[in-house]
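Below are two complexes that have chain A in common, paired first with chain B and then with chain C.
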Partner chain A sequence: MTTTTPFDLASAPADARAALDAYVLALADDALLQGHRDSEWTGLGPILEEDIAFSSMAQDEIGHALVWYTLRAEHLGAPTPDEQAFRRDAAGWRNARLVELPRGDYATSLIRRTLFDIAKAIQYDALRHSAWPPLAVAAGKLRQEKKYHLLHNQAYVRRLGTAGADSHDRLQSALDALFPAALGLFEPTAGEAALTALGVVTPSAALSAVWLGAVRALLAQSGLSAPIATVAAVGGEGDGAGAGAGAGDVLRTTVAPDVGGRRGEHTDDLGAMLDAMQSLHRSDPEATW
Partner chain B sequence: MTAPGAASDAPSREPARELTPEAVWDVLRTVNDPEIPMVSVVDLGIIQAVVIDAVDGAAGGGCAVRIDMTPTFTGCPALDMMRTEIAAAVASLGAASVEVRVVLDPPWSSDRIAPAAREAMRAIGLAPPPPATRFTADPTLSLTLAAPDEPPTACPFCGSMDTVTDNPFGSTLCRSVHYCNGCRQPFEAFKAL
Partner chain C sequence: MYGDPTADADPSVAFGHDMPFYTRDWHFDPYHQRLTVARRGAPDAVHFDTEWGNWEVFIQEKRGEHHTHAGTLHAPDAEMAIMLAKENYARRGPCVNIWVVPEDAIAASAYEDADMFEHTTDKMYRDPAGFQGLRKKAQAGKERVGDEAAAGGNP
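So, the complex of A and B:
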């Protein structure tokens, strides 16, 4: 955030307004689809505690999506949250590809959840300082709620990563498969630079750097690894231990991120997911229960 | 929960009269959280404001009442139900109109739960939340802590602080599951937020 001048939506130029809308839409779509994938464990969890945990995190995430869709409806001229969630075709979605990938096995779901929650906690933490007050307020509220997700995910990743070869290998395989798509969470939305200049959002590249550090620290405690390298700053020798690299060191990933979601370029999995998620509303928009 | 169906017939039943904020707060104390039925929405700390305006020309005079409420957890499925019951309860006082707004600022904290409500929770074996901790300024640090820097939850049965968290998720979004090493009982707690 480069400025503390409050961002006034009413007097903002049209391009900043459009950029803000794209940014909030990506927040909403990430949350709703992650929540929907979590909900696919309801009744099927490998143990009762995890069935309950994933169902609870699904509830949280769908609540977070509602906050973001409501923000768009109240301030940015979007239709109702239900319209946004249930009447939009795949090309209109701005989620990162990570959250549209199939549920997979439990290891896949746990690793996705973990990478996602660390990213969102960092993003919401930064957005608490947004120059646009409604964004700052919502981000602060949702950041608090992430606490229990982080607690849950990290406990299980540590336990299973260090429990034995089978559980370790399943987590490592899931991590290898999902890491590029997780990096796609930091694909900037259209016009992000304009918002960054106004202090409305933090650059995605800055969030990504924090995320790489947090992820690497957790993996180090769990016997797992990801393609994250320390690029030593001039005069520095980072050894990669713990959360902190040496002062001035930069963390980089050595793989290409799987991007496109923020531009509406999705896998076929999203279409199948939307067919299931939207079928009831599309068949009877007045349905209540 | 105590004023079901009160909204529909209230305006014709109650002739015009001035509504006081005290009367509105009192009736809100009769609306309970459906997931913790011994705790009112007021004692839960989710009512942010009560605003009463006189309405000129309303049938027999009257008041427009606005209630600002805030969710505990934003994904709480009881939110809509509480909103409806709050509107019905206030309408039963004869308000010409009732608006219930959901606001997020300032965010709810479990520290707002009233002492009487904490006692009521403990009485049914639901541990009230320990003081909530705030995330730290350094996100990397707060994300990599081995355990939250939160005091342990006191056992609602024996009061022991020698308890462990079995699962941060429980039977509802706002509850976690614990075990007491003192009296060897599992118990649920209202989450600190």
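So, the complex of A and C:
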């Protein structure tokens, strides 16, 4: 992302404003649902210490969602963060499908967290250079917390991937099941091109290419594999070819991404999850806790 | 105080029950005695606590300051122990550095011997407060010596 002129929201055309709102909403929804799903492990983690660590990361993620919902409320005319989270039906959510899927076994949750955190670390890293200062500042803050998330996930994935057949196979099965939905994290939000042209966000395709390289590197150290292939680059691919690919080559996935989340097309799992998550607010909107 | 010579020589209790302290063989027990005690009750049990070992966690709040003991956790190795220590012991307060130490690297004195740390005579001189007024006394001493010299006390 090359930033020349700061993006001024007040003088921005309506379509860029709407595109920015959609982009930030996707950031918020990704974080909240990832955090909510992971919080389902609280009290059920494999060992006490990991229960606490994983729950802490779930809290981190809900905190990140609050940052993004607050950004929308302060700058983009959205209602309060609580209203955004608790007064929206499934069709209004813009998260990738990855984060709405049930938590599954611990291998599933760990692999989801791993794929998610690498994606968000790359995305926040890039967004630090956004031409819209509030986005750049928020991304810089949240990026810092990704460091521990990556450390945590790698510690487990490397060990469990190489520890024995049982743990390896569980991780590999989870990876096979989740990989298409993880690719859905890079489904562009509505109007993304308008924002990339203004230097407000980095193209999702460029983030995806970096992510494929980072994921492949971790999996290689862990005895795991994903459908990622190296192909000769045809043209420029942003700065995406950096991680893992040789000069002039880019990484591509060989499976179809599971997309639709950014357009509000979700699995039934999201509806069931929102029923649980929003039940208190629906029964008593004035409740405080 | 090292009374009963018939007491079971229990390494988890104070050392040296059965000998006068001036001949006794000093040794220190593992800090964590829970497992030792539990194993004595059921020596054939595979494991009482967890497959993973205990690690003691020390947190440094600010660079240059002492690491202070924060707690204990289970982990299979040092890297995992540091990783888990972060959220278990450093998620609230400030921290710039973590040490983890395997429990069996720590030896401990016994509480039964806590009396050896007690002071039975006045050791005020070891307390910073014991040095209060020392400068004044030194000054007074210097002045006294000076006065004596001026009075021609010494040839």
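By definition in this document, the second predicted complex is superposed on the first by the 275 of 289 C-alpha atoms of A that agree within 3 Å, B and C clash if a C-alpha of one lies under 4 Å from a C-alpha of the other, contacts with A are read in each partner's own complex, and residues count from 1 in each chain.
FYI, a residue touches a chain if its C-beta (ideal position, glycine included) is under 8 Å from a C-beta of that chain, and two chains touch if they have at least 3 such contacts.
Predicted, not measured: the structure shown is a model, and the values here were computed from it.
In the three-chain model built by superposing on chain A, chain B clashes with chain C. Of the two partner chains, both chain B and chain C are touched by A:S56. Applying the stated contact rule after C-alpha superposition, one finds that A:H152 touches each of chain B and chain C.
By the touch criterion defined above, A:I47 reaches chain C but does not reach chain B.
Note on chain A: of its two partners chain C and chain B, the one contacting more of its residues is B. Note on the superposed arrangement: chain B collides with the chain C stretch 93-101, while the other options among 93-101, 111-119 or 147-155 stay free of clashes. Residues 49, 52-53, 56-57, 148, 151-152 of chain A lie at the contact with chain B in one complex and at the contact with chain C in the other. Those residues of chain A whose C-beta lies close enough to touch chain B in the complex are 49, 52-53, 55-57, 59-64, 66-67, 118, 121-122, 125-126, 137-138, 140-145, 147-148, 150-152, 210, 213-214, 217-218, 221, 242-244. Chain contact summary for the complex, chain B toward chain A: residues 71, 73-77, 104-105, 107, 134-135, 139-141, 143-144, 146, 148, 166-171, 173, 176-177, 191, 193. Those residues of chain C that touch chain A in the complex are listed here as 50, 52, 73-76, 79-80, 83-84, 86-88, 91. Within the complex formed with chain C, the chain A residues making contact are 47-50, 52-53, 56-57, 148, 151-152, 155, 159.
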